[in-house]
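We call the chains A, B, C and D, going by the order they appear; numbering starts again at 1 in every chain.
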Amino acid sequence: MIDYIQPDYEVVRNKDLCVKCKVCVRQCANQVHAYDEKRDALYVDNSKCVNCHRCVSLCPAHALKIVKTDHCFKPSANYTEDIIKDIYRQADSGGVLLSSMGTPKSYPVYWDKMLINASQVTNPSIDPLREPMEIKTFLGKKPEALEYLPDGSIKTEKYPNLELKVPIMFSAMSYGSISKNAHLCLARAARELGTFYNTGEGGLHEDLYEYGENTIVQVASGRFGVHPAYLRAGSAIEIKIGQGAKPGIGGHLPGSKIGEDVSRTRMIPMGSDAISPAPHHDIYSIEDLRQLVYSLKEATDYKKPVIVKIAAVHNVAAIASGIARSGADIIAIDGFRGGTGAAPTRIRDNVGIPVELALAAVDTRLREEGIRNNVGIVVGGSVRSSADVVKAVALGADAVYIATPALLALGCHLCRSCHSGRCNWGIATQIPELVNRLNPDIGARRLVNLVTAWAHEIMEMMGGMGINSIEALRGNRLMLRGIGLSQKELDILGIKHAGE
Amino acid sequence: MEDYEQFRQVAEKNREGNVRIPSGCAICGYFSRKGNALPASDAVNAMSYMHDRSNGLGGGFAGYGIYPDFPDHYAFHVFYDNDRAREETETFLKARFDISNMERIPTRKVYGIKGAPLIWRYFGTLLPEVKAHTELDEEEYVCRSVIHINTGIKGAYVFSSGKNMGVFKGVGYPEDVGEYYCLDGYKGYCWTAHGRYPTNTPGWWGGAHPFNILGYTVVHNGEISSYDANRRFMEIYGYKCTLLTDTEVITYIIDYLHRKRKLTLSDVAKVIAPPFWSRIEKMEEQEREKLTTLRNMYAPLLITGPFSIILGYPGGMMALNDRLKLRSMVAAEKDDVVYVSSEECAIRSICPDPDRTWSPAGGEPVIVELDKECVK
Amino acid sequence: MKYVIIGNGVASIGAIEGIRKNDKKGSITVIGEEKYPCYGRPLISYYLEGMTSLDKMDYRPSQFYKDNGVKLVLGVKAEKIDAVSGKVLAGGKEYPYDKLLIATGSSPVIPPTPGYDKVKRKFTFIRLDDALAIEKAVDKTSRVLVIGAGLTGLKAAEGLYGRVGSITVVDMADRVLPAVTDAESSAIVRSHLESKGIAFCLSDHVERFDDGFAVLASGKTIAFDVLVTSVGVRPNTELATSVGCATERMTESGRPFRGIVVDRDQYTGVDGIYAAGDCTLSYDLTLGNTRPLAIQPNAYMQGEAAGAAMSGARAERREYLPVNSGGLLGLRMITAGAYDGEPITVKREGIFRRFFIRERKLRGFIQIGDYSRVGILTEMIRKGTSVDSVDFASLTESPDLAALGDEYVRSVLGRKEKEK
Amino acid sequence: MKRVYVNEEWCLGCRLCEYWCVFSASGEKHFPFAFDGGAKPPAGIQVEERGSVHFAVNCRHCEDPLCLKGCISGALSRDGYGAIRVDKTKCVGCHTCIALCPYGCIVSGGDNMPIKKCQLCAGKDYTPQCVSHCPNNAIVFEEDEDL
């Protein structure tokens, strides 16, 4: 059989620097590197390389680099190399192409087309190192009216809210798709940061129940690991309707990743594939959603907010409006550039809309309908920096979900091979030796560092705008200006163009 | 005359409502707890001491208890660009209100005041049949009527709509505006005043301060950074921020919280300029609980950025600074009269020998109300 | 508190360091017969070999005595102890003490042999002065006769190897290193040394010395220029005996071991008097008896224990066992413990290892050639670890901690769990 | 004092510590120069492997250092940072310390050469290179709170 697929990358070893310590050999789970005792030589099999940089990062002599191969096809702007290779792959396998993480395609990133304001002369900017700068956020439904009691205290309707010390949460990544150590990192970091991580649809490992106060438990179409204790373990419950990277389809965790612990946590047999259906089979309509929302509230004594997570799709505003009236407390919108452990490539790269537009549309729509205060809005799906967070909040989000940046903080190099299950960084794998590569002490610290750094930057930007409390930034679209956007895009985003 | 037309055109393009205009200002107010009629001329004089805080592009005054002859009538003060707008407005008003009195507001020619619109006032009560048929309560109905005129009738702008109170404002230095409106003839238990320093507009009469809705008037010095967050929240509740000014949205916030949601003014202050979380966390449980609830439920109404405001309302006056106190504001007291001003010199021009003066802390309101026995 | 230490060997250093851990103030006087600050005695063979020099042989840095506030009285022999009034008499002076340590070490044994007195260039091999004298007495043509094929004798031979013409070693035993080897390992050592040109006359002894030659019991005569006698040492117990310390201990065989008898604090039983080092008897945990264990590590540790006890503290509990390490002309050997019990042998090119097991415990070992990480096995002997609780087969191949089990590894390498 | 502790749970067996140890002890300025193209056995630390369990072993700098107490030449001493160090000019290579070290952490320097051992990277400001380059916190350098 002819192998049509040539390696994408080449591992380049600088022999002058290499000391033959063989750490590359020991650390590559894909067996790219090998050592030949007889020849005292190191050998590289480029075809196995996924470009995850494990060897490069650990090489003490900096003797390794990975380059994109310059082996090429006859150039075509239409039939590009990627397209040709995909066709070869499908001709080989007859299967659906699978990919991981967010789409690499060059769709517009609206975060990068919005600019943030700052104060000059007419009002002062505020120095966050000298003045308090508040980013505490409450997520959930707000009461409108209050009553005074005779003793001067006030009485309102009480709705369960999540209290966040930073408006950044770690979004859903299931145990199974990522390792237990990765979950532990997220849980510990969430606790230290005063925010939340999300179990994803794989249930909650018994060792992580102790982090319940900082945990959002997810209920997805497969209902893996869902039971009363699980629902009660977290601080909020998220119903996952869809995911930005793969709207409209379910999930598939191969049996090879269902080891003993995953099996017990998911409540499925060891080695069996975990297949999440495309829809929830008890939700075929918005009124069904309402029933599920209330079932979950019923199961948890109305003490925990219910989040409904949807993928950003064309009519997201109308859908969100429906959800805001369903009794849900928080809507999470996942943009199409968001990550995934595994998704059909064509869906990941072609379905959904950017989260920026979805957020603007939803926020505007809910305000028009007077129901914006019924729900908190959380957005995710490629929030990449503190500036993205500031822009999201200014567009109207209460908080953001981050996942890819969290994984990057844990060591992920975006090699987009999660579906192989042999993550060299110990994140997207269940192989014990690989899982061990992620020491939660280090991982949690790196996550805390990342979010703390973002929080500092958010405060700096707020201070520059003369805002010292994040609620004054929320929905404050006057603080944004578009750059290089069409009038239509500006209208949807509800912002003016730079210079206006 | 050509110059004047050009001025009108530029003013029209850049006027409040078309662009958002930052401005620095001078504010002043005084209030007699016993309800004594205090002369407006004090306010006019006081503002002249803060001449440099204005730039001749806006000044105005609000007086309470000034129309003892029509204490229960809505007093609508209206700017018209032309008679067509006036006729349309009058038709609209007459369909809803029993108008007891309508007249041009008396003015005199003053050097430095130009481009004045037609300025009328109407005293009226809501027609009983209108009142009977609307789902809204009376005040809300009046409020929406005002909003309707201001947004729906081109060239008409209601700039004062409360009972037994009135706003007098225009483009010019405040002392000239006072002279123009013949304020030497008015007396009231409370006066607030404003001199304006807009940074990028020739000024528009309607954009001058005080800003009013029903009985609330607000004079404001500052530039709030939370503007759009506040505005977009208010718009959920049917308020239309047509002027795009801070004063407008602050007035709406107070109207919403105080009139509609029945919050006490001191709690309104806690929503607008709340203590920092770090302070709240150290408070006793009941207070902590209350502030946490208020900050959470009305989070979008928190105002950031520098401001000092004086709110006038029937029977009371409240002065408030932003929580970092980024704008100057001084208060003083002599007998039953309380004074508030951007600068102490203005107070001392009226009252050279106050019993005490103080600088209110950021976020801590100064609230004065008529003594109970003085409320008619 | 006044401390007096008789002797300036490593036991004395151990004692000073032991005292100073607890008592920074008390006065310490050291009375040493030799004129040098303390040096490690085994170094003398390395000195002859040229692997160290006089300026590097001090056991502690030059400021050690000063830093520790020690009064050093060197070149003076302690003559008498007045245990009643607590005084030591030395060089005509009195040194009062509250606590006294006897660390007088040992002296070489000279077998009574006719003609010995007439031998001109004859030496023992225990002190630096011995080495310095021998150094002067030999040249490249010297024929050296060493009496005694124990460690000291062979180290003397090694030290002299490059400096002299020939070396012959005589011993009554039938093999070299009889105290620390078994027959097979002994033979390896012997053949190694023979291959280097050292001659052995074993199961033999000198009957008499004549002018320039020795006549052996076997009738053999050996011509020599220089005689080194190294048949063993005798603990210097005279002072201790004089104040009433027990200095003899009967063994099962009925032959007494000589040496000062002490308890685990190195206390002699005579008020205020302690003893440490080669002049004492130690409990050998491998053989389970109390006997002279005249090796330097023990001397230091006993001194330290004595110092601790003298200053009112208590030292680490010690398990003493014989451990010997040393190269002999390129042959590397480490032995420890007792060499009886069930042997397990590993032999490979250049490697000989024999382990002795009794009652399922490692009792001793002899390792020649590669002995990396062998201390792990010494520790097993010391601790009495059962060979069944570890992966002993792998330990015989290449000792590592992993063979001792995860729990042990965690206990020695990991951070102890903090108490919550 | 600060001590090197090993968390065997997190050891990946990558052996980077061994190589950094060699580099640190070499005194070379550039990493590859410490090896001159060939592997060199590390002296201060070594990784043990048994099945899937790995861990690094280096000198414990014991509170009761048998090596130091057994040293015949006085070449071993404890420095002000608590590290047990060897004076290479005094060591005669007798290997008594090797015979005594309970953890097998002293390495022969070869015939008639001074022994080698971990000196807590005294030459690198007491920043143990095995610790700073461990990718997974399997080796840490922490204050001993027992003292």
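The working rule: contacts are C-beta pairs under 8 Å (C-beta built on N, C-alpha and C of every residue); 3 or more make two chains touch, one makes a residue touch a chain.
Please read all numbers here as calculations on a predicted model, not as lab measurements.
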Higher-contact pair (C-beta pairs counted), A-D versus A-B: A-B
Chain nearest the overall Cα centroid: A
Euclidean distance of C-alpha centroids - chain A vs chain C, Å: 69
Distance between the centres, which are taken as Cα means, of chain D and chain B, whole angstrom: 78
Distance from the mean Cα position of chain D to that of chain A, given in whole angstrom: 43
Chain A-chain B separation of Cα centroids, rounded to whole Å: 47
Sequence positions of chain A contacting 2 or more other chains: none
Chain B residues counted as touching two or more neighbouring chains: none
Sites on chain D at which at least two other chains make contact: 7
Graph class of chain-chain contacts, one of line, ring, star, complete, other: line
Interchain contacts, given as pairs of chains that touch: A-B, A-D, C-D
Complex contacts: residues of chain A adjacent to chain D: 16-23, 26-27, 57-58, 60-61, 63, 432-433, 436-439, 441-442
List of chain A residues in touch with chain B within their complex: 119, 122-124, 126, 131-132, 134, 136, 138, 142-146, 148, 153-154, 156, 161, 367, 370, 372-373, 396, 465-469, 471-479
Residue ranges of chain D touching chain A (in the complex, touch as defined): 7, 9-10, 12-16, 18-20, 23, 31-32, 34-35, 37-39, 52, 133, 135-138
Interfacial residue positions of chain C with respect to chain D in the complex: 14, 40-43, 46, 51-52, 56-60, 296-297, 300-301, 304, 316, 323-327, 330, 332, 334, 336, 371-376, 378-379, 382, 399-403, 406, 409-410, 412-416, 418
Of all residues in chain B, those that touch chain A in their complex: 20, 22-24, 199, 222-230, 232-233, 235-237, 261-264, 267, 276-278, 286, 289-290, 293-300, 302-306, 323-324, 326
